[in-house]
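The structure under discussion appears below in the form of structure tokens.
Per-chain numbering from 1; labels A, B, C and D assigned in written order.
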């Protein structure tokens, strides 16, 4: 696809929807980029599984603190007001419903909100869960940020996930290069379209049936 | 009884058996006195349920820190090397088996190690458990320090507790004004006698059958 | 800008409803949020369930709330006062308040579980005693355990030493006790702090309760004088 | 006098037996006790079960222990290395090591439970996924939870920032991670610390791991230079 948003625009689109004051965990990979698009004047507190609240931007080259990394093992900084705690406390925050939002990447999302994002096969040579299952069931809201289709053009938004599940019925909203889609009791509702993309194009790249906002409201 | 140890001697007798390096919780009442009989040169770390390791002696008059009390709500001090933590962490230490010893008072101890120390009646007007049940099941060893009989002369070391239990089968050793008694698989074994007290006197004030050390060894 | 500070006790307690489950930090009189508890008398909420280690002594704090008849039920580990019959004991004898006795470690763990998203857990505490009556028990590794459930609060009233505008907290000495645990277990966590500090003045390694658990903070300088 | 300090890595690791369950603090390479882990290669214990968040990268620390063939089984949340195939991945593909994948929060909570005397607890994590296969599940309040059990270690190897002779510990920044949790969950807890301080130099409110959880401490000044 040539139409649709690039990764930067996708991350910025998610950032637009995060209000001041939220506690937010950003998954490894593309979701991590979201933080760069929240202006410093809007205080959002980013959480990292490895015991950090108040993650700041990457340090200037050569000034990294070797003791300070995020869940993706990248050098980060700490904002004024940040804090450190241990892993059991960190996941108590996650599991106890204290995060307002978690944004994860995904391999597949099903129309019922099922999430598959940790492995494409149970015969994986090195399957890796990390904190995804805990985040998926624990955060107040789970949003997914991903390319709308796989590299070879197959849809990622499906009727039923074919990959092993991370959690069932948890995804609330999907941000892709083509659209912003809400997971509702009535089905998948397209809330926003990327520049130059129309509804029919999004549906053409989606296995599950999509609803336009006016259909969902009906 | 005129023979036997007074409260000071009883506390000192227990203190003699606590080696350097142990982590010890002392129950409210008479057990609290034990700490005064551990010489400062022998480092024993006293724990208090309300989130303290390293309890020191009572402060000099007029120098109490109003923020620093023990589980009996008495002003205490903190030894160099002490630490503060919250209640869930405090009871994780207790329940997780990290205390070497807990010494509690009791209303009754049964020959099988059952402990009754929180109420004499389920119709109590203000029953109070506190941390006794957790300490009784959690500490590596539970010793009881109590008067051998009630004020009106009835035995406290019994075949079966008549009062509601704190925990079953937990008492390892009993220190009284008359004797030191070990709770063993073979029965209650008298390990030590107070000055001027003989075995027959101890048995006469005890409902459960007692063994002399030589009988237990047989 | 995130600012969880509020100017008055009244603002801190705004919206607490009749019938609320109120978690009170503190052990004995140390680290109990007396200014907030007494503010609750003025605020007017009634039919409360109060969860606290002790039942209050003297005439301040919890005793005032009890005397005002606002508490329907007390969940407590040690309601006996050192100084003789308390307001609670008089109410209890008169049949005017319900009491649920919980072992102290079980209370702490049930609150911790609520904050940590653990709906239930097994503990050896209480096995073979009246505490286990009516509860599921299970043998694990040859030992008997009791199933206990998370205890959630609608509101937690917390006493802290230092706070900042994000709601990061520290505690002083044995004033910590139940406060950090209860702060995690309630939908609304309200804090009275002896000192309100500029953001960043609490070192990130020294924060005990991160602001994620805190909704409102009011400075109560009188706390600097006593516990 | 209580003195948990030992002069050498060898003394710190004395007695660790073949077949031991070894808990390794650290997240990525930060806060992992590499000096102790590499000392374990010299020490010689084999047939180990290692519990760690990651499977090691590069050629240091855990990778050295794996390459030496000492690890029979790895319990891990994220064994995939950023920098391409690791020593672990080569062993795993060759069928020379067993792997148990555990969700990160479940791993942390199972370790915390072991340290806290909780034999088992319910969690929503993993419900409806392969993680729940073969495990008991239960509906509580209309939601499905999985029963998970405590995970005990024979030994924990912990990386701390400051320590004293009682074994009180602090950690630096994100070097805290699993270390304080694992310190509570093992029969023998061994610590490498960047700084050994006189008793009392760590403020009682700033102690993160109280010495009650620590058996041996060795100072490793090289830690001051990197994580």
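Note that contacts are C-beta pairs under 8 Å (C-beta built on N, C-alpha and C of every residue); 3 or more make two chains touch, one makes a residue touch a chain.
Here the structure is a predicted model, which means the values were calculated and not measured.
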Any chain in contact with chain A as well as chain C: D
Measure off the straight-line distance from the CA centroid of chain B to the CA centroid of chain C, and report it in whole Å. 29
Quick one: chain C and chain D, Cα centre-to-centre, how many Å? 33
Measuring from the mean C-alpha position of chain A to the mean C-alpha position of chain B, what distance in angstrom results? 55
Hunt down the residues of chain A that sit against at least two other chains at once, touch-wise. 78, 84-85, 88, 91, 94-95, 138
What are the residues of chain D that contact at least two other chains? 109, 112, 116-118, 123-124, 171-173, 176, 204-205, 208
How would one label the connectivity among the chains shown: line, ring, star, complete, or other? other
Touching pairs of chains, all of them, please. A-C, A-D, B-C, B-D, C-D
Touching residues (chain side chain D, partner chain A) in the complex: 27-31, 53, 55, 77-80, 82, 88-89, 92-93, 99, 101-106, 108-109, 111-112, 123-131, 171-181, 208, 226-227
Would you mind writing out the residues of chain D in touch with chain B in their complex? 1-2, 112, 114-118, 164-166, 168, 184, 199-200, 202, 204-205, 207, 210-213
State the interface residues of chain B toward chain D in the complex, per the touch definition above. 20-21, 23, 43, 45, 47, 53-54, 78, 80-85, 88, 91-99, 138
Chain C residues touching chain D in their complex are 109, 113, 116-124, 140-141, 143, 145, 149, 170-173, 176, 204-206, 208
Spell out the part of chain A that touches chain D in their complex, as residue ranges. 48-52, 65-71, 73, 78, 84-88, 90-91, 94-95, 122, 125-134, 137-138, 164-168
